[in-house]
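One chain, chain A, links the two complexes that follow: it is found with chain B in the first and with chain C in the second.
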Partner chain A sequence: MLFILAYKNLWRNLRRTVLAEISIVFGVLVIIGSGNFINGMQRDWAKFEINSSTGAFQVEHRDYQAMGKSEPLKATLENSAALVEQISRIPGVRAAYGKLNFSGMVSSGVKSTFFDGRAVDVARQRQTLSQQQDLIVAGKPLGDSAGGVILGADLANMLGLKIGDPVTIVVQTLHGGLNLTYATLVGTKNGRHFPSTIYLEMPLDDAQKLLRVHDRVSQVVVGAEDFDSIPGLMKRVEAELRSEQAPYVMRGYQVLIPIYPQAIPSFKFISISVGIVLFILVGGGIGNVMAMAVLERKKEIGTLRALGMEKNQVRRLFLTEGFMIGVIGSLSGLLLTSALTYFIATHGGIHLPPPAGTSQILIIIPQMNLATSVLGVAMPLLVSVLGAWWPASASANLNPIEALTEA
Partner chain B sequence: MSIKLKSVGKTYQLGQTTVHALRDATLEIAQGEFVALVGPSGSGKSTMLQLMGALDQPSSGEVWVDDQPVNQMSDHELAKIRRNRIGFIFQSFNLIPVLSVFGNVELPLVLQRVPRQERHDRVYAMLERVGLTERALHKTEELSGGQRQRVAIARALVTNPTIVLSDEPTANLDSKTGEEILALMQRLNEEQHVTLLFATHDAKIVKHAKRVVSILDGRINNDQLTAGA
Partner chain C sequence: MKTIGFKKINAILLAGTLMILAPLCSYAEPSALQILDRADDKWDLNLRNATTALELLVYRESELRKSYHLKLKYQDTDHVLAETTFPPRNEGEIMLQAGRRNYWLFLPNINRAMRISESNSLSNSDFSNTDLLSPRLSNEYAPALIGTEKLGDVETYKLELLAKDESTPYAKIIYWIRKADYFPLRRDYYTFSQQLLKRLDMKASSAKVSWPDTFVMSSVLERDKKTVIRYLKQTHGPGFPPETFHESSLMKR
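Coming up: the complex of A and B.
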């Protein structure tokens, strides 16, 4: 009965209730909508980096992070061809390729400088990284034939090289000797996961011969068939490789993508902060609505008290009204946000200009997220009840005689 | 004994001024009496009703409802007394506009936590007594003034209270409807032996009462049975 009374009371002043509901719907729309946008942006950003640079995850020697940075050839994975083959056969893996990290000097004949090099299995990389060509600024990706090299766009500029120019690459081999090879610049690239001023990329076979590291790689880059299944796939691959008693560790895209671990909490912090500020305002609005309701219904409150309604029942009546405003507003907001998210997602997403250093337009497909949705619904409910708390308490504490004698 | 006032005084503080709304009032009202409390505006009638209705507590003296002293009762206990022992009929009906006729009469029973089926039966029985069965599902705003006051009477009586207090129950009604309402209250008083006490300054309606208590300047100055008693 109290519930029915509270519900009916909501619609006594239709305009005021509708305005309160609109403010909640707007709040929910902003918090869940921005959450969905951030979630979609995060996914699309991650997907782009995964498909262009990092892969879903990488397998490397457990000592690589400790010593591989200074001496990359000292902590490599042996029997790499078999290892790549083994990983590629695991269900859920789209493809995998070996990558060897090394350093040396590169020369145009006129100028020389140090480089930070990546040697890749070109054919397998194409299968693994479907968007790696998006990072190409000029020329084309590495082909299947030997002798090609890609440089960071800034490195090529610094050396004064154009596509098709010859370059000389000098390295220190695994055993300490010097070796040299000639290659042709086939393309330049930019990307956030490497410094363009020192980046060099060449075919894996060429690099293994040059460095005298037969059948070894620094990492196996793994592509997943499905973005959402990456965590499970990582565990499956890890379990399979662990049974081989080999010194492998996995590094997921979350740590491989530069600034990703710092950026995501920042996004969440911004989103939650906006939500909190917004809902403080919404809570104030609801408090105002309920305070007006108490003022207008003083006489009725007096009547209810005269009929024997207790203070806490009067308080509960107004809190229930506040809660109902919150429920109706937040669920309507959730429904509207879901519909909008679905509409945007199925109509091409939100197009943003390309980030610095790339030519690719960013297409954000907003993505519903359970945690954001729960937060977006729970927060207005909470602020509705909190906003109604003071008016509800004031109504409970009204002197019934004063309330009854109210004109 | 249904209600008793022993040397009751009530004062209010209005700024720097102390207003003596009631002075040394002593009164006993027995079960089944139909009492009119008469006096001019500001004489203390409403204050006396509020004290008898456990809506307020006296500044001095004692108020007893069914051998229970209202003085010193907690808010919870006062609400319980009002819920179970006292019915109110207000001058301007004070119906809950969002509830139907049935809902308004049902409300006191809900507060008493009476089971749903019993509530239904009692509400319809009461509506039949006041002649509003056909209007049970109507909104109160669709009713005439007289019908609204009948709803208020049904609401006051549905809990079988010890006493029904009414402040100017006919003031917002035309004279014919007012007569009908008083006749109804008189009939219910006789049929249900419910104690009725109504405050009025209208001498015309006093004739329905069996006892008339006059109050002037916060003091009871006359208490007599009428010819019909």
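Coming up: the complex of A and C.
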């Protein structure tokens, strides 16, 4: 009975109801839409970094983080070829490759400077990182033949090197002696948050000979078949390796991607801030609509009270009206946002241009998220009820005689 | 009777000849290790228990780019302390060799001493720490005499020094030493891939000086790049207190 009465009341001033619904739909659209956009941006950023440089996760020696900066070769994984093979066979792993981190001096013959190096198993890296060539800004990726080297675009520029130029590399070997090799610059890399001023990449075999570390790597980089299954895959790999009693630890893409751990709280803060602002705006709008309804319907309230309607019943009537406005607006907003998200996602997403000096286009495909959707619907609904609360209480407290007299 | 007399004379002549030639023969064949030690003595023995002022000049593209002054306290080949006295930006920085292969760098700005590698560059120059602080090569390398050679007009011994283990900074050093007085003239430093990395030329600044006091290091990494070290002033003393060469004494009190 109360629901029917409340429903009929919504149609009595259609313009006001529609205005209230529009404000709720807009609120839901912004909350869920911005959430989907941020969620999509997070996922696409993570996917790009995973497929171009970090992999889904990496396996390394448990002491690597403590010793890696001062003596990166001391805490490396032995029998790396067998380890890579073992990890590659685990279901859910697309491919895996060994990576060796080292440092030294690189020279053009005229200038020399410090570098931070990565040695990679080129063939396996190609299988693991499907987008690693996207970071190439000149030349080509490392080939299967020995003697090639890739530098950060800024490092190559600083040394005055062009593609095809010879470079000299000097390193300290595992045991402390110095070693030197000559190589040819085959390509340069750059990208967002890419260490372009110090980056050097060379084939793993060349680096292992140069550094005199036979069959050792700093990390095994693992590519996953499916982005959403990464946490489960990490657990499976960890369980398999733990049984080997070896000193392995895993590091997920969340900690491997530069500034990712710092950026995620910022994204959440933006989402929460948007939600709070809309909470206030939508709540104010609903409260205003319901307050106007109380003022306009004083005579009706007086009549209902005179006919014996309890204060509680009057309050519940207005709360139900607020709830109904909230439900209709929230669900309409959810439908509209879902349709819009689907449309953008199926039409290629939003393309962001690459930063200067890079070729890395970031495509953002908005992504529905259950938590954001629930929050986006629940928040305006709650606000609608709360917004109706004060006018409902005011209406319930009206004296029937005064209400009829004033009306 | 006549025959016996002739044999006696022959025997006496032979014995006399052998007695004269024996010391000459042993003098003409010094071993590779003896040559190396005598050359290193020129440098090492002269510095023992001495405080030496030296300047380090870094040239890039044939122009002087940086100039450092250092005060070197040298006890022996394993205990050396080098303190920067110029420029003001680097004043007070100390490099310490506190024993064999135990190198430290003290940075006064942060009042912190950190362990460093012997193959690290010395003040971004072409010298590494071990080049300056450890002149005695026979500790780390096994020498072999590979011949004699003329370096310019000077007759030299040419030694090949092979690292005794892989932790030694250079895998091989070719060393030219003046035959006449074992004065060290040149070292070529090779890496484990048998590639030439650096060349050190040594000379005395004047005819009165019998040990090398000017060192010029050039690297294959950069053309027209070299670093020159000149020993400016030297005072010998009775020795240094033992704590001088302990890393704990580096920190400011």
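Assume the second predicted complex is superposed on the first by the 398 of 407 C-alpha atoms of A that agree within 3 Å, B and C clash if a C-alpha of one lies under 4 Å from a C-alpha of the other, contacts with A are read in each partner's own complex, and residues count from 1 in each chain.
Heads up, the rule we're going with is that a residue touches a chain if its C-beta (ideal position, glycine included) is under 8 Å from a C-beta of that chain, and two chains touch if they have at least 3 such contacts.
Small disclaimer: the values here were computed from a predicted structure and weren't measured.
With both complexes brought onto chain A, simultaneous placement of chain B and chain C is permitted, the two fitting side by side without a clash. Look at A:308: by the touch rule set out above, it reaches chain B but stays clear of chain C. After overlaying the two complexes on the shared chain, residue contacts for A:181 are found with chain C alone; chain B is out of touch. The three-chain arrangement built by superposing both structures on chain A places chain B and chain C 150° apart around the Cα centre of chain A, to the nearest 10.
Of the two partner chains placed by the overlay, only chain B lies in contact with A:5; chain C stays clear of it.
With both structures placed on the common chain, the touch criterion links A:229 to neither chain B nor chain C.
With both structures placed on the common chain, the touch criterion links A:131 to neither chain B nor chain C.
Contact with chain B, but none with chain C, is seen for A:401 once the two complexes are overlaid on the shared chain. With chain A fitted onto itself, chain B and chain C come no nearer than 78 Å, counting C-alpha atoms only. In the superposition on chain A, no residue of chain A contacts both chain B and chain C. Of all residues in chain A, those touching chain C in their complex are 105, 107, 109-112, 168, 170, 172-182, 210, 212. Residue ranges on chain A touching chain B, taken from their complex, read 1-2, 4-5, 8-9, 11-12, 299-300, 302-311, 313, 400-401, 404.
Contact residues on chain B toward chain A in their complex (touch as defined above): 50, 53, 55-56, 75-76, 79-80, 82-84, 88, 90, 94, 96-99, 103, 106-108, 110-112, 155.
Contact residues of chain C toward chain A in the complex are 61, 117-119, 163, 165-171, 191-193, 195, 197, 220-224.
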